[in-house]
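Two complexes follow with chain A in common, the first pairing it with chain B and the second with chain C.
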Partner chain A sequence: MKRIRKDNVYPFLKEMEETRDVYCPQWLNDKDLLFLPLGDGKFDGYIGKTTVSAKSLLFPQTEEIISFGKEIVKKNTDSRNTLAFGIRPCEMKAIEFTDRFMTREGITDPHYQSKREGMISVVVACNEPPSDTCFCLDAGGKPYLDDGFDMQLFDAGDYYIAVSGSKEGDEMLSSGKFEQSDEEDGKRVEDIKKRSLESQVRKPGMKKAIETLKNGKATNEFWENLASRCINCGGCVYVCPTCTCFNVYDLQSSDGYSRYRSWDACLHAGFTMETSGHNPRPTQGSRLARRHEHKLKFDVINYGESGCMGCGRCSDACPVGLGAIEIIEELNNL
Partner chain B sequence: MESRESINKDIDLIFKPNLARIERILPQMEGHRLFQLRFVDEDAVNAFAHKPGQFIELTVFGVGEAPISISSPPSRPGIIEICVRKAGSVTGALFELQKGDHVGLRGPFGHGFPLETLKGKDLLLVAGGLGMAPLRSLFQAVLDDRKNYGDIVLMYGARNPDDVLFKYELLGLMNRTDLKYLLSVDVDDEGIWRQYVGVVTGLFKGVQLNSENTFCALCGPPIMYRFVIEELLKRDIPKEQVFVSLERMMKCGVGKCGHCAIGEYYCCTDGPVFRYSDISHIKEAI
Partner chain C sequence: MAGLAATFGSGAMTNSIGEMEDAEVFFVIGSNTTEQHPLIASRMIRAVREKNAKLIVADPRDTKIAKLATIHMSHTIGSDVALLNGLMHIIIKEGWEASEYIKTRTENFEKLKEVLERYTPERVSEITGIDKAVLRSAAEIYAKSKKSMILYAMGITQHVAGTDNVKSCANLAMLTGHVGSPSTGVNPLRGQSNVQGACDMGALPNVYSGYQPVTDQRIKGLFEEAWGVNDLSDKAGLTLTDMMDAGQRGDIKAMYIMGENPAMSDPDSKHARKVLRNLDFLVVQDIFLTETAKLANVVLPASSFAEKMGTYTNTERRVQLSRQAIPVLDGTMPDWQIICKVSSKAGYPMSYDSPVDILDEINRVTPSYRGITFDRLNNSWGLQWPCPDEKHDGTPFLHKDKFARGLGFFDAREYAPPPEVPDEEFPFQLITGRVGFQFHTGTMTRKVSILEREEPKAFLEMNPKDARRLKLINGSKVAIESRRGELYMPVKITNDIPEKVVFSTFHYSDNNINDLTINAVDPVAKIPEFSCAVSIRRV
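The block that comes next holds the complex of A and B.
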């Protein structure tokens, strides 16, 4: 355990930037907080809760996966070394969950995996919920992590208390920007953890909702009624830290063409449309059901845990109030 | 600092198509062609081993990629046959290609029909429409190894006499004594059809099935499954003995893109061939 003064965070990140591409939360157009390169120069130390989760570093909105130049096929993977600074515990848990998906049944996604292997993480625990839509406790998580990070920081006012969780974390702690912690810091961390658990009040009741879905109580009518509000924008999916569906398409390039993949959303009508015109999910209700059953039912079957980490981003993003919180509450009214 | 050690060394190829050449194009009924493909690289020819019911991802260079079922059996290696309906952008561009042109292939992907389970059993194979394309891989595999199977009934329902896929190849089966081949068309406006006219379930009349020993393989449009499965259950064939090949919009073929999800499964990796008992609880499956 060490500590780092807050005014030393930026110098530390500049030091890290010599060997890695550093990403941290920064404002884009003063509207959206996103993980952007440190070089963009807008990092002011604010961590907050990013609009789009850190998944964008491992699974970007659009990426080239193959290029074809005169029928020579080339695979493109991004194996840069990166540092993600300011990841929240829910996002890190989501990344660990996504790791399991991206390597499931012995099939590893090379484009995710290359970025994942190159990334080290500095998690900043939440002293209190960064927004009123946070419900990680209700979702089975915690506002801090017990493991799964390279370094975890606890906000102690003028400085962060830093805990290493890996060999990479140990190496970061050896930077001269970190100072020795004092005897009280261990106790301070325990106090921060205790207070963070107490400060989270949002509890939509995910466990009960999971049971409701398991027992088949949510009818088609239930979903169609809710979906009558859905405007099919896909925003909930794009901001979600565990949503990783993508579309694949080819575009012309200077010396041939390239195959890209881009975020896609199960809420779009065309997502399951077959060439014949047949659509196995023909209604907005069936698509809304898919999104939430995926997290709260099918992920529980496949992974023994829900795919919703309780970060609340979908509830922040949804323009018609159909995020996970609202859906869980509706399920619990059944 | 070094990168973490890779947890999987062999992840290079899952999205990378392998070059194949169009060896022959055999016209079928209108808008349908059978393409015979062979990998350019002989190592890839030898490495390719598929099960009936599996599919490949076909790249038409410059246009895109589409999932296509394999119509040839594993017992006839070297050439990969795909029967394609001209329907979308990729298949449309494929129809512009000539013998000798190149395409890209990935795969084979997914679970096919489990030949080991079917061996020694009586088989009922039911195809509807273009569902004959994947099912052909199975029945050719079975006929190439005929002695290892019990009674075989093949039912095929087409829309009308013009829409019978592999028509002449299949008519040749009519003369075989070791196989019962039943053919139906939904409508016959000209009155030229000598076989059954009506929906495919009509073919069940007069067919005896030993429910204990009969395994079924179905492939066709969604509406067909509902009625055929109803017929099978009426005849006491257990759900465990029914295999269905499902169609979904499959993009990546390796269980990542999410388009083909069916409940807790992915059609591309867990299917496209499912045991009916495994999916009968999922409301969107069929």
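The block that comes next holds the complex of A and C.
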């Protein structure tokens, strides 16, 4: 355990930038906080809840995967060393969750894996929820991590208390920007953890909602009624830290052809449409059900935990008030 | 535009999108809002679902927004004036009108009253097909609330009676005092990202920027001075539809078309294509080789929005800065540079260093844009005109204490049936529109794989009863014939459309519905009708 003064964070990141691409939360404008390269120069020390989750570092919105002309070249599969600074515990959990899917035995996604292997993470625990849509506790998580990070920081006012979770974390801690902690810091961390557990008040009741779904109590009518206000923008999917659906398409450029993949959304009709024109999820209600059953029912059955980490981004983003929080609350009204 | 300008003195959305959150009643007419303005629709949806706002929708189709409505009136196509007059008739009969407001802020009320007298619920019900009790409820809900907003789109403007429809909306709003305060007003939802800005900049035949009339000698003098010339025309030019007719007559020999695809988007587009082909000289400036560009003698490749900086004025009169995101692609040039070069070659040198220079000029010559400077836009989410000076915060809603023209003018309109109604030979009424995943003639959206996946081809929406009569099932191919042409496409059978009405979209060049539509135009605004009578048979 060490500590780093907050005014030393930027110098530390600059130091890391010598060997790695460093990403941290930065304001794109006065509304959108995103993981952007440190080099963009807008890092002001603020670690909030980013609009889009850290998944964008491993699974970008649009990515070239193959180029083909005279020869076929796989793109974006080379390992790249990055540091993701300022990841929140729920996002780190989401990345671990996504790992299971993207790096399954035999069907590994090379574009994801190359970035994942080269990424080290500095998680910042949440003293209190970064926004009022945070409900990680309710979703079975915690505002801090017990493992699964390279380094975890606890906000102690003027400085962060830093805990290493891996060899890479140890190396980072050896930087001169970190100072020795005093004997009180261990107790401070315990205090922060305790308070963080108490400070989260948002509790939509995911457990109960999972049971409702498992018991088949959510009818088609229930979903169609909710979907009647869905405007099919896909925003909930794009900001979700565990949504990984994509579409593949080819584009021509002046030097040949490229194959890209871009985020896609199961809420769009064409996503499940079959070549014949038949759609097994023919209505907006059935697609909305699919999305939430996937996370709250089938992930629980298959992996023993929900695919929703309780970050609340979908509830932040949805223009019609139809994020996970609202869905869970509606399920609990059944 | 013309309709609102005549009644209020200013043709634009009177209120703001943000105000929708506090509205108590929405009256949506001729707008498929969830598909075409989804984020505006989302405000309505939240207000309805979370704050119990009431929603009245008048649309022949049972659109998504109609399904969410407190009252949905599926009125006969082209009966909008009758419907609106009928609502006003009831309001006056019941004494729900805003007497004080009418007295102090409007004129010509007596004439309106006289015309409305003839629009009894019985007669209106017969014309529109809407039950008398439903008319009464809609009138009551709209009139009695403090904050009622009217929203409309091309569903009422793209008719021969388009100006009349808009004027009738304005009459309804003034009659009930629903103009000039937050969360009220008459709100046209513009169909394209910068169509408001194009109009504001004088891309109309009769005005300079900021709607300053070309016929006004003082204004003419100001622009002559600003541009260093002395013989600007003081006559209004031709509208788009007039130009096509003039082209056919041979009175227009050359056209220079920018960012518009009339070969597909004009009604009776076969006729439009013929006119374009017969021109002596056609120049088309666009980012893609559109159907119109294919007919051109010269194509000037322009840069897309992402390759340049500029401003967009959105439907709520908000001017917003758009920054360059990627370098200009090889072989293309931003529109403003092309125009400068062409103009310079033609003998009037234009030298602007950047769009900022152009905005400076806009500020100088346009009173309503005077305070909308680059520096202010650079540091904000935009400003709403009128914004007369650099200290002004912009105007969220218009006509606060008095109308732009002084008193609001009740211009009573009479119902007239549409130019082409179904008959024995052509028994169906065809209406056209868009789907959420495609935009207009598809010039841009049809190049995006996910959008094309969602809505890949044209279809004809039809009521199940009609389908049964014609022995059609979902996906059956039909021939659609109008007096102007014939097309083939599959049917989509749905209860969302009434009997004897069919719907299709105009996104698809391989099945262009505008080959069938009619180019009868509104006598004032010259906006075409588009809806027409067709026959349908199985093939």
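One rule holds for everything that comes next: the second predicted complex is superposed on the first by the 325 of 334 C-alpha atoms of A that agree within 3 Å, B and C clash if a C-alpha of one lies under 4 Å from a C-alpha of the other, contacts with A are read in each partner's own complex, and residues count from 1 in each chain.
Going forward, a contact is a pair of C-beta atoms (placed from the backbone, for glycine too) under 8 Å apart; a residue touches a chain by one contact, two chains touch by 3 or more.
Note that the structure is predicted; figures quoted are calculated from it, not measured.
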Specify the outcome, clash or fit, for chain B and chain C once both structures are aligned onto chain A.
fit
Would you sort A:Gly321 into first (chain B), second (chain C), both or neither based on which partner it touches?
second
Looking at A:Glu168, would you say it contacts chain B, chain C, both, or neither? Reply first, second, both or neither.
first
I'd like to know which partner A:Arg229 touches here: chain B for first, chain C for second, both or neither.
second
Looking at A:Asp264, would you say it contacts chain B, chain C, both, or neither? Reply first, second, both or neither.
both
Which partner does A:Gln180 reach: the first (chain B), the second (chain C), both, or neither?
neither
Given the overlay on chain A, how many degrees, to the nearest 10, lie between chain B and chain C at the CA centre of chain A?
80
Touching partner for A:Arg281 - first (chain B), second (chain C), both, neither:
first
Just to be sure I read the superposition right, which of the two partners does A:Asn247 touch: chain B = first, chain C = second, or both, or neither?
both
So, A:Asn215: does it touch chain B (first), chain C (second), both, or neither?
neither
Minimum C-alpha spacing, chains overlaid - chain B and chain C, in Å:
10
Overlap the chain B and chain C contact sets on chain A and report the shared residues.
247, 249, 264, 273
In the complex, the residues of chain C that touch chain A are 34, 38-39, 41-43, 45-46, 49-50, 64, 67-68, 330, 436, 449-450, 453-454, 475
Sites on chain A touched by chain C in the complex
228-229, 231-233, 247, 249, 254, 262, 264, 268-270, 273, 277, 319-321
Help me check something: in the complex, which residues belonging to chain B touch chain A?
1, 3-8, 11-19, 61-66, 87-88, 91, 102, 104, 221-222, 247-249, 251-252, 254-264, 269, 284
Considering the complex alone, what residue numbers of chain A touch chain B?
19-20, 65-66, 68, 71, 73, 75, 79, 81, 101-111, 113, 117-118, 120, 168, 171, 244-250, 252, 256-257, 259, 261, 264, 266, 271-276, 278, 280-281, 286, 290, 293-294, 297-298, 301-302
